[in-house]
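Got a structure for you, questions after.
So that you can tell them apart, the chains are marked A, B, C and D in the order they are listed, and the count of residues begins at 1 in each.
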Amino acid sequence: MIQLNNVTKQYPGCADPALGDISLEIEQGEFVFLVGPSGAGKSTLIKLIFREQLPTGGRMYFNQRNVTALKQKELLEHRRKIGMVFQDFRLLKQKTVFENVAFALEVLGRPPKEIKEKVPEALDKVGLLDKARSFPDKLSGGEQQRVGVARAIVKDPLVILADEPTGNLDRDNSRQLMDLFETINQGGTTIIIATHAWEIVDRMKKRVIALDGGRMIRDEQRGGYCHEH
Amino acid sequence: MNINSFRYCMRQSVVSLRRNLWLAVVTAGIIAISLSILGGFLLLAVNADQMIRNIESNVEIGVFLEDGASIEDTRQKLDRHPGIHNYTFVSKEEGLRDFSRSLGDRVLLVGMEGENNPLPDLFRVRANEAEEVPSIAAEISAYPGVELVDYGEELVGRLLNITGWINTLFLVISILLALGAILLIITTIRLSVLARQDEVGIMKYLGASNWFIRFPFLLEGMTMGWTGTLAAAAALAAVYYRLASSLQQEALTFFIQPVTDTTRLLPIFVGLLLLGTLMGGFGSFISVRKFLRV
Amino acid sequence: MNINSFRYCMRQSVVSLRRNLWLAVVTAGIIAISLSILGGFLLLAVNADQMIRNIESNVEIGVFLEDGASIEDTRQKLDRHPGIHNYTFVSKEEGLRDFSRSLGDRVLLVGMEGENNPLPDLFRVRANEAEEVPSIAAEISAYPGVELVDYGEELVGRLLNITGWINTLFLVISILLALGAILLIITTIRLSVLARQDEVGIMKYLGASNWFIRFPFLLEGMTMGWTGTLAAAAALAAVYYRLASSLQQEALTFFIQPVTDTTRLLPIFVGLLLLGTLMGGFGSFISVRKFLRV
Amino acid sequence: MIQLNNVTKQYPGCADPALGDISLEIEQGEFVFLVGPSGAGKSTLIKLIFREQLPTGGRMYFNQRNVTALKQKELLEHRRKIGMVFQDFRLLKQKTVFENVAFALEVLGRPPKEIKEKVPEALDKVGLLDKARSFPDKLSGGEQQRVGVARAIVKDPLVILADEPTGNLDRDNSRQLMDLFETINQGGTTIIIATHAWEIVDRMKKRVIALDGGRMIRDEQRGGYCHEH
C-alpha cells in the first residue's frame, strides 16, 4: 500500500539530509511503530507520506499512485484517505472540540445527520464526550492530543498516521489509546505511529522501524524499542 | 461542491462574522468612510459640472446693429441659424431705460431720448454650446448691418479652462481615494487571513478544497463591503437631500443649483453599491489566493 | 529600563520592520494617501479662503454725491474713517468716459459733456473687512452731500453665505478623512499586534515589563507614520509647486491666485508631519495597550 | 519556599474544580515530580505557582510573599525568578533558537557580553548548539522542547517549573535531560516537574506529589509513579 524507494529528504539550508535513502514497504492492515531519537526523522517520514513535504529524491507510492506527482485535486483525495494525528495537535482555535472533530467530516461533504452521530462516538472513544463544547485552549495538553486522535479516526480513514500520540498522556490513557488503535487496526485500517513510548512499543510486539540520523537502522516484525531489548 | 458543503460554508461565514464582529464592523466602517468621500466627490462633480454648464449657457453674444440697419433681416437670419439657442431684441430705447435704471433711476437722461439716443439697437444671442460661441460670433459679424459683435472672449476661454482644471482635480482625488480604499480592503482582509493562516493551513491538511476554504472568506468580505457601502449610500443620500432642499430654499438658488434629477443621481448610488460589494469580494479573493498554494 | 534594554528595543524595532516589510510599507502608504488628501484639502481651503477674501475685498461701496456737494469734505471724512481700506474718486467726466468706453468707444456721447453730463461724482470705497461693509455704508450715507450709497447688499450676503458653506464642507470632509486615517492606523497596528499576540503573551510570561514590550511597537508605528507623512508632504509639495507656478503663468492668474506665502504654507506641512508621527505612535499605543493587561 | 494553603482553582464554566483544596509546602532545593492522569490538574498547579492563573480560593506564598496579591511590578519580579518550561513550548516564532534563549536574558536587561557567553552554554547543555540559527518551525518536536528547557535554565532561576519536559523526547534524551535537572538541583535550584514519564519517576526516587481529578492523593518523599510500585 505504501512503498518508498530510496527516498531522500534534504531541508534547504541544512547540511545533513533529514532522511537519507529510505526504502520500505507497508502493507494494507499493518501496525507499524516508527522509533528513534529526537531529530531522527520520524516526523519527516510521516510528513512525506502525508505529502505535507515533498521528498528531494527517490520515489514514493500510495496505493500504486506516485505521491510526488499528485495534482491539486488528487492531493486533496490523498489527504482525505488519511487520518493524521499531528505532533503539535493543530486544532482550530476558533472551533469547539465538537466542531473540530466535525470539521474532518464537513470537509468530505458528509450530511449533518451522519456528523451528529459519528462525532460523539469518536469523542467517546477517546474519553472526551464531556468536553465537546470546550474550546481547545481550555483543555489540558493530553485532552488536546486526544481531540486530535478523535479527529483522525472519525472519518474511518484507510490509514492512520500518528506522530507522538501519547506524548502528553499518562500511562492509563496511553494504554487505552493503543488499545483503541489496535481495535481500529483489526478492522483493516493501516496504522503508523511515531513514538518515544518504549514501554508500549516493547509490550505490543508490532512491526518496528527504527531511524537514526535520517537512516533506517532496523525493520523488525514483532520488534522492541531497542535492538538489545 | 455538494449541498452539504455549501450550507456549511454559508453557516461558517455567519459564525466567523459574529466571532470577529469588531473587525468586521471596523472594516465596514472604513469602507463606508472611503466610499462616502468618493461618492461625495462624484456628487460634487455632477453639481460643479451643472453649475459650469449653467454659467456657460448664459454667455451672451451681443450683436450691435448699425444705425438704420434692418432689424427684420437680422432677426430672420438668426432664426435660421441652427447653433443658436435663443435671442432677445433690445431696442435703443430699452437700452437707454436699462442704463438709466443701472444708475439708480435717479438721474434722468434728459435730452437723450428719441433722435438724440446715442445707443445702438442690440440682439442678445445665446448659443446651444459654449464651445460654438466664437464661431457663431464670427458668422454673425459678417451679416450686413451688423456693426459690432461682442461675447467676452476672455470669459468663455476662462470657463473652459476652469472646467478642465476642476475635472482633472476631481479625477485625481477620486483615483487616489479609490486606490486607498482598495488597498485598505486588501490589507484588512489579508491581515484577517494572516491571523487565520494557521486555520487555513489546518484546513488544507484535512483535505479541504480551495473553494471550501475560500468561499467563507469571500462571503465575509462581500458582506462587509456591502454593509459599508449601504451605510455610505444611506448617509450620503440623507446629507445630500437635506443640503439640496436647504439650498433650493436659500436665496442662492440660482447661484448653486443642486442636481436633483434622479436619472443622473441613481447611477452614482448604484455604482457605489456595486463598487463596495465588488471591492469586498475582490479584496478577499486576492488576499485569500495567496494562502491557497499548497 | 536600563541601557541594555533600551538598545535591545531599538534593535528590535528595526528587525521587526525589516521582517514585516510589506505590511510596514502598506501601512505607510495608507497613511501617505490619507494625509495627502487631508493636506490637499487644507491647501485648497487656504486657497479658497484667499480667493474669497480677494473677492470680498473687491466689494466696493459706491458713494454718489449730490450735484454741487463738496468733494473735499467727503474726502476728509473718508480719510478719517478707520474701517476704510482705500478709495478712489471718479469725477463725473471720468464716469462718462468709462461709460462710453464700455459701449466700445464707438458711440460718441456728443452733447453730454460739460454741463449736460447726467452722471454724478462718485467715490469707490473699499472696506478693511467684508463684514463691516453694511455698517460703513450706513455711516457714509449720513454724510452731508451724499445722495446715494450702493454696495450690492446681495453680493456681500451671498459671498458670506458661500464662505460659510464652503468652510463647513471642508471641515466635514477633513474630519471624516482624519477619522478614517486614525481608525485605519489603529486597525492596522491592532491587527499587527493581534498577529503577534502570542509573541506578546510569551514576553509577558518571561517577565518583560510593559515598556519593554510596548516600546518597539511604538517606534515601529511612529516610523511608519513618519515615513508615510514624509512621502505625503513631499508629493503634496511637488504637486502644489507645479500647480502654483503653472497657474501663475496662466491667463487665469487674477482669477485663482495660488497662495505661495511660506508663512501660511509651512504650518500645514509641519502640522502634517507632526500629525503623521503622532498618529503612528498613538495608534500603536492604543493598539498595544489592550494586550498588556496581565 | 512555596506554600499552598487550601488552594482551589475553578475555571469559569466548568462544573468541577480543576484543583480542590490543595495544601502543600516545597522547600528551597527540593526536586519534586507532579504526577497524575490526563486532566488531573498538574498544569493548573504549575500555572498557579507561575501566576499565569489566579486561584479562586485559598492562599499561596512564594518566598513568604503572597502570590495572589502581587502588583504589576512584583509580578514581573516573580516571573523573572522562575524558569518555566511550557507544555506547548511557547517559542517566539519570529526569533531564531539563539534569539529565543537570549530573550530570557534580554528581558532581565543583561549586557550583550553575558548573553553571548551564556546562551551557547545553555544550548550546549541540551545538545542543540548546532541548531542555534534555525527558526522554531524548522525543528523537530523534541528539539523545540529542548529549546524551551534551555530558555528556562539560561537565567539561573531560583525555581524551575517544567510541564511535561520529556513528552517529545526519546529515552536517551529524556535521561540526559533529567541528569541535567539533577545537576542544576544540586546547585540549590528548586525543581518541579509535571510528567507522565513513569519510568523516570520510578528510577529517580524523588519526592512525588500525585493528583487525580483535582485532589492531592499522595505526597511521598522518594516515591514512585504509582503507589503500588
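Definition applied: a residue touches a chain if its C-beta (ideal position, glycine included) is under 8 Å from a C-beta of that chain, and two chains touch if they have at least 3 such contacts.
All of these numbers come straight from a predicted model, not from anything done at the bench.
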Query raised in the report: Both subunit C and subunit D are touched by which chains?
Result: none
Query raised in the report: If every chain is reduced to the average of its C-alpha atoms, which one ends up farthest from subunit C?
Result: A
Requested in this report: Just give me the whole-number Å value for how far the CA centre of subunit A lies from that of subunit C.
Outcome: 68
Query raised in the report: Taking each chain's centre as the mean of its CA atoms, how far is subunit A from subunit D in angstrom?
Result: 28
Query raised in the report: Which integer distance in Å separates the CA centroid of subunit B from that of subunit C?
Result: 23
Query raised in the report: So, what's the distance in Å between the C-alpha centres of subunit B and subunit A?
Result: 63
Report task. Mark out which residues of subunit B touch at least two other chains, giving numbers and ranges. Result -> none
Query raised in the report: Which subunit A residues sit where two or more other chains touch them?
Result: none
Report task. Draw the chains as points, connect those that touch, then say whether the picture is a line, ring, star, complete or other. Result -> ring
Query raised in the report: When you check every pair of chains, which ones turn out to touch?
Result: A-B, A-D, B-C, C-D
**Report entry** Complex contacts: residues of subunit C adjacent to subunit D
**Finding:** 1-2, 4-5, 8, 16, 19, 196, 198-199, 201-203, 205-210, 212, 294
Query raised in the report: Which of the residues in subunit D end up touching subunit A in this complex?
Result: 11, 35-40, 43-44, 87-88, 138, 140-143, 146, 163-164, 167-174, 196, 198-199, 225
Query raised in the report: Any idea which subunit D residues touch subunit C in the complex?
Result: 50, 52, 72-73, 75-80, 84, 86, 90-94, 103-104, 106-112, 151
Report summary line: The residues of subunit C that touch subunit B in their complex are 23, 26-27, 29-30, 33-34, 36-37, 40, 64, 103-104, 106-112, 116, 118-120, 147-148, 150, 154, 157-158, 161-162, 165, 173, 176-177, 179-180, 183-184, 187-188, 191-192, 194-195, 250-252, 255-256
